[in-house]
Amino acid sequence: MTETTDGSTPGWFTRTELETIRGQLPILYVNAVPVRVDDAGSVTHVGLLLGVAPDGTISRAVVSGRVLYHERLRDALLRHLEKDLGPMALPRIPVSLQPFTVAESFPTPGVTPFTDPRQHAVAMAYVVPVAGDCQPRQDTLDLVWLTPEEAASPAVQQEMTGGQDVLLRQALAHVGRLP
Amino acid sequence: MTETTDGSTPGWFTRTELETIRGQLPILYVNAVPVRVDDAGSVTHVGLLLGVAPDGTISRAVVSGRVLYHERLRDALLRHLEKDLGPMALPRIPVSLQPFTVAESFPTPGVTPFTDPRQHAVAMAYVVPVAGDCQPRQDTLDLVWLTPEEAASPAVQQEMTGGQDVLLRQALAHVGRLP
Amino acid sequence: MTETTDGSTPGWFTRTELETIRGQLPILYVNAVPVRVDDAGSVTHVGLLLGVAPDGTISRAVVSGRVLYHERLRDALLRHLEKDLGPMALPRIPVSLQPFTVAESFPTPGVTPFTDPRQHAVAMAYVVPVAGDCQPRQDTLDLVWLTPEEAASPAVQQEMTGGQDVLLRQALAHVGRLP
Amino acid sequence: MTETTDGSTPGWFTRTELETIRGQLPILYVNAVPVRVDDAGSVTHVGLLLGVAPDGTISRAVVSGRVLYHERLRDALLRHLEKDLGPMALPRIPVSLQPFTVAESFPTPGVTPFTDPRQHAVAMAYVVPVAGDCQPRQDTLDLVWLTPEEAASPAVQQEMTGGQDVLLRQALAHVGRLP
């Protein structure tokens, strides 16, 4: 457990270590639904990442990532938003850590609407307005901005896996834009 | 009931009409606690208005005002923030209308922590980051930015009346900055 | 403004007075989505009232009603739940007044998902577990308990008017049971 | 990593393994503030556990515990409430997993109001009404029910360590009972 891929950084594991822990402990995540808002704070568009899943299928997803050892949720949100949307996105991290929901993903389908074959992940979920220019990172095919109506449409929802479609509609419900 | 001070605008009443209604119906308000935040969304300062109460005493208060007929809560927040902080304050109205609390003020003390001798007022309360320059309006003596520790100090708390001290501490609790 | 239907009770108006005020001020409401929960607090069923609308159509609705002068939101919730579900429903009023959403209904369609031809109503919305026996009141045709899946189905959703279908799905999203 | 104290149960570690992981990953917790409520849902009393800390000092605390692998937050809440309050406490687990706050404890003081010398712990915090009889477990000295005013008093607050005093006041703020 003491060796890490980069030799010493706490919070980083070898791939084998992380695999082992993932079978024995819930792993803490943050999810961020990036949105564009008007002057009155009303959501006009939702940002979805287009990526290639390990099995080769194309799927849409919100920003999501692990919280590291000794990292605040706020800093984890900033880090993953910058990683996925680029350094000029200017995300407005929420003033309160109260999430709009907690998404519990289990390897076993059916326990909750959320599944993750790799692990038991528990994600604090936030809606995050972004005001700047967004540039998807290299391994993301695209970033699209959809209206709430488009984002909740069957065509888009079926491109989201692991319960991300449910999470997105929960976010829309929270901001009063569920069609 | 049909005559108004400006002749016709719906949502405006003569002073007498409003007085009468205030004795018979709860009046809807919005409260906004203006804050300065850092890049990670953490509150660094709270904005408090310094004003002269009808009885001549000086007191501190958050932004507060009535919601008009056919006005959205979002638009009422924008209007009152602009009225109290000026047109360059650049308030970031919350993406969700879920308030951090609902402050119910009664003319009778003791029903809740909040009192209002004029009326039964029910205020949706929000924490609102402001990014721009703030200029207090004419009938406000000053606008001060205090750290959470200063804002929750006994010296400042005792200058807030009607339960505004409680509301401010509820806001600090919500954003994780209650000392 | 001083005469009331019962002579003197503050908070009650003649029908004419209430009609007039409804055209000039937002009216404060509480909405309650009654639910059955299991031991772990997970929602198993949602209660919907079946009633006859003024135009003769049958529609489904959640518990909803006006907040009276000098009435706390908690007491308004209790009163309307008892009125609609009977005195043995044993509702568990939330410990926090933070609503899951605020439903703003306007006479004009399209401003928000919620409409109310009579007035501008602003409703604090809560999910309320009920543990006892429920008996719908006289002018309610029936009270049905539906699973979240049934409640969110198109067949049921289209029987809800004025945006109640949206409110119900917002409630399901909040409790993690949006299908 | 594969051996556990009881031989095989997933989610359980030897003391050494857990110590090692605690230095490398945030550990997920749930916190529950037990309360007594009146018929209108208003908090009348807060339950605090009296225990002996490892250093021999006596301190007061809310219910708190780790979330196990493949355990839902709801079930972790139930398990820890039963462990600390006994099997007849009849806790009313919240219908929504949205916590009133997320308490991030770090081994390093000053990052947040919360510290935990053992680990980086992230706790979802809930207020949980309990309706039944509460019997503190063997290694708890006592369980006391205090009014919100008593619980927030300096005498009680200084008996809470690691930021539990702040968490308790955040809970009181959330339910509208912060003195």
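Going by the order they are written in, the chains are A, B, C and D; count residues from 1 in each one.
Just so we're on the same page, a residue touches a chain if its C-beta (ideal position, glycine included) is under 8 Å from a C-beta of that chain, and two chains touch if they have at least 3 such contacts.
Here the structure is a predicted model, which means the values were calculated and not measured.
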Size of the rotation, in steps of 5 degrees, that lays the CA trace of subunit A over subunit B: 180
Pair sharing more residue contacts (C-beta pairs) when A-D is set against C-D: A-D
Self-contact between copies subunit B and subunit D, residue sets same or different by half: same
Whole-Å gap separating subunit C and subunit D, where each centre is the average of the chain's CA atoms: 34
Interchain centroid distance [CA atoms averaged], subunit B/subunit D, Å: 34
Geometric centre distance via CA averages, subunit D-subunit A, whole Å: 27
Sequence positions of subunit B contacting 2 or more other chains: 72, 96-98, 100-101, 112, 174, 176
Chain contact graph, described as a line, ring, star, complete graph or other shape: complete
Parts of subunit C lying in touch with subunit A, wherever the complex brings them together: 101, 112-113, 166, 169-170, 173-174, 176, 178
Subunit C-facing residues of subunit D, complex: 35, 37, 39-43, 72, 74-75, 77-78, 92-98, 100, 127, 129, 174-176
Touch list for subunit D against partner subunit A, complex: 1-2, 10-11, 13, 17, 20-21, 23-28, 67-73, 96-102, 104, 106-108, 111-112, 120, 122, 124
